[in-house]
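To keep things simple, chains are lettered A, B and C as they appear, and every chain counts its residues starting from 1.
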Amino acid sequence: MIPDSPNKPAGWLLWRTRWRWYELAFWAAAASSFFIFPSKLMLISEIFILGLLAVSIDLTLGFAGLVTLGQGAFFGVGAYAAGLMAKYGAGTAPFSDPLLGLLVAGSVAGALGFVTSFLVLRGSDLTRLMVTLGVALIVEEIVTQAKDITGGSDGLQGVMSSPVLGVWSFDLYGRTAFWYALIVTFVCFWFCRRLVNSSFGLSLLAIKGNPLRARTIGMPVNTRLVAIYTIAATISGISGGLLTQTTQFASPDMVAFHRSADALLILVFGGSGFLYGGLIGAVVFRVMQDFIGNITPQYWLFWVGLVLVLLVLFVRGGIIGMLMALRERFSRKGEGS
Amino acid sequence: MSEAPKPVLETCALRKAFGGITATDNVTFSLPPGARHALIGPNGAGKTTFVNLLSGVLPATSGEIYLNGVNVTNWSVRDRARAGLARTFQINQLYADLSPLETILIAINERENAATSWFRPLGSRSDLVDEAAALLAQLNLADAMHARVGSLAYGRQRLLEIAIALASKPQVLLLDEPAAGVPEGERDQVLDVVAALPADVSLILIEHDMDLVFRFAKTISVLVNGALFVEGTRDEIARDPRVRQVYLGEEEIAHG
Amino acid sequence: MLTILFDGVAYGMLLFVLAVGLCITLGLMNFINLAHGAFAMAGGYLTVVMMNRMGISFYWCLPAAFLFSAVLGVVLERVLYRRLYDKTHLDQVLFSIGLIFMAMAAVDYAMGASPQIVKLPPSLSGRVEILGAQVGIYHLFVIVICGLLTIGLQFVIAKTRFGSRLRASVDDGRVARGLGVNVTGIFALTFAVGSGLAGLGGALGAPILSMDPSFPLKYMIFFLIVISIGGTTTITGPFFASILLGVADVGGKYFVPEIGGFIIYTIMVAVLIFRPQGLFTRSAAR
């Protein structure tokens, strides 16, 4: 199986992390959807954003093995941080600048992630699930209670970001929103890709695989987990900020439990541990939601539930896992004949 | 007496109790540099517990552990590993989905503080990768360097278990039954690797297999019911009638 | 003041009946069934249907809800849940969230999204005075029923042969199996009883908790808090945890309504930080 070109082991490791043709094709397809579906730009922007949220969960779940049910907390905190920046900074250019808004959204969410990361270090999967869920619920409660700041259950109105880089203002058709969301998502994704392909990324896999072994090697397991949890929270916050800026609205819905559950579903659906799983899952999930939502808007939840149940029972590794299994089967057939 | 080298690893009245059961009972023990020491004893004598205490996997109930004269009794597993104490596990603790090369790199990266590098892709430090490859070659694992660890034969997985410990360039290496469960055909490979371990590493070997113990160890301690029963050179232990009785006694029970 | 304490205790005991099945199954099989609340919802809605559409007496609804949810539980356990015991906690969580979503949508489809109201029989409505406090008769009824159930459960677990086998299986399933205990059978039975109790709790709660399709999600967090505080090795732990939670929640919402909603979450996070093994668990945490 070892290809001829990179004979040296280091070369082989480097060779494995290069950009593949199908990755380029994926991003090219993402960009060209602007021309193919000009009437669906807002929907597509939302897909990028959901995908980015799922990718951030993949960092903790797929690479570091931390189970979380509360990524919605960071998403929501980022969403409100960016929304408040844009609302109260309206007019005064530097404060309502969308990029600055994302920076603040990411920093605030990252700070919350750093503080709460210490809660997920101890205990089993079960305590982690409960702690992350508890944090998310507390954030949700704060958002709905602090009516003066967040607008309570009515949501945050009057979010108006300045033009991106002072040039492109957000338009009604979502053209600016599309490119803005695509580019930010790509940059964050590229960052995550570097991260998981680095020595740091490999050490996360070591922790996921066997924390005891990682410790006996001399790895500071807790420090690494705090780091990746904080990074993931930051990226979730950025994706939340993106959603607020592109939809010009923030609502408690953005911190609700179903956010976390949807994002987790998207990731598992696409396949966790591959980074692209989150993105592909987001495409399928959102398109399905749009499709079924048009037929029976109320009972969308039923189909989500059914997909989850079937996924757990029958499909390992989500869509990407299925594709890989297929490829394996074909290549084995090829060898056999 | 004065020429005796300073021990690399010492324990002082080390004790571990699980509820009412004392698994390690007042063990005072010292390991000179470059030692080839075996720890033997009948089933349930507390050998693995002792290794877990030394490596920090279990906290001691009382007593002290010194590594190079420093009291490490309350140190974490990680800090002891950084201070030069490595171990293998009786039951493989490997990463089934990674390759042997990646597995060794994880350990080397930690040793060289290269694991916090998050931007440069894995493999950009070719010196570390080459070192990992060389270590695998030394243990006859070079051909499987890129294979999935989970797909390796059991004996080769045992070798990898030792390779991980060696990758951190330890001063003290605790080998917990390196040959346990290895099929007859792959056994010699493991034994050869154990015999060829670097001379400057001080070794503690836990083993059931008396062939391996007598072929490899220069000094031996016998643990019975968690306590040190007798200590001595290989020949002394081989001749000691009490040791014989402990083992024969066990066999009689086993046969009876 | 005393009224609030009383209401809190009633609420807490109701929570205990709702949650106890989950605690035992979690301790027994290390299986996280987040969809436990769906069984409670089944019992609650059965009561709604029986009373409001068929005009059957409330008293008959209680055993019916128990049986209905128990049968539902055992069927789902044999058909679906047992495939998941050896899967990861993440899979179990996703699976049971999927079940919750399906149950919510199904109930929405069948009964509509608005909360269902159950009218109490005249014999249970009204208030009486106890120790100078006004106490709802229904709350008293809930306390009596749940109290009897708790005593009954404690008796079964502590004194019967089934109970000792159950305790052995919770302590160490492998050893119990080795001793010839039919752990799988015990589990199926426990799952059924636990689901049935949840259904009974749902029926008892129908008049006082709002019964709408989001019920399983809303109470999931309460169940998790009960487990995190009470642990899963005994039933006394969850019992005291439920009472504490009920009193804290009712009291908090009464005295400090602005932050009432935070209190229970804060308790949970605090417990998980300072006593990750739970407040009321045996000191030898496993």
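Just so it is clear, a contact is a pair of C-beta atoms (placed from the backbone, for glycine too) under 8 Å apart; a residue touches a chain by one contact, two chains touch by 3 or more.
It should be emphasised that the depicted structure is a prediction, and the values quoted were computed from it without experimental measurement.
**Student:** Could you tell me which chain's Cα centre is nearest to the average position of every protein Cα atom shown?
**Tutor:** Checking distances from each chain centre to the full centroid gives A.
**Student:** Can you name the chain that lies farthest from chain C, using the mean of each chain's Cα atoms as its centre?
**Tutor:** Using the mean of the C-alpha atoms as each chain's centre, the farthest one from chain C is B.
**Student:** Centre to centre, by mean C-alpha position, how many angstrom separate chain A and chain C?
**Tutor:** Computed value for the inter-centroid distance: 34 Å.
**Student:** How far is the middle of chain B from the middle of chain C, if each middle is the mean of its Cα atoms, in Å?
**Tutor:** Result: the chain centres lie 49 Å from each other.
**Student:** Determine the centre-to-centre distance between chain A and chain B, using the mean Cα coordinates as centres, and give it in whole Å.
**Tutor:** 42
**Student:** If you look only at chain C, which of its residues touch chain A in the complex?
**Tutor:** Against chain A, chain C makes touches at 26, 32, 80, 83-84, 87-91, 93-95, 97-106, 108-109, 113, 217, 221, 224-225, 227-228, 258-259, 261-262, 265-266, 268-269, 272-273, 276.
**Student:** Residues of chain A touching chain C in their complex?
**Tutor:** Touching chain C from chain A are residues 61, 67, 69, 119, 122-127, 129-131, 133-135, 137-138, 141-142, 145, 257, 261, 264-265, 268, 298-309, 311-313.
**Student:** Provide the residue numbers of chain A that touch chain B in the complex, in ascending order.
**Tutor:** Chain A reaches chain B through residues 1-2, 8-14, 16-17, 194-195, 197-203, 205-206, 209-210, 212-221.
**Student:** Any idea which chain B residues touch chain A in the complex?
**Tutor:** Of all residues in chain B, those touching chain A are 55, 57, 76-78, 81-82, 86-87, 89, 93-98, 101-102, 105-107, 109-111, 114-126, 129-130, 132-133, 145-146, 164, 167-168.
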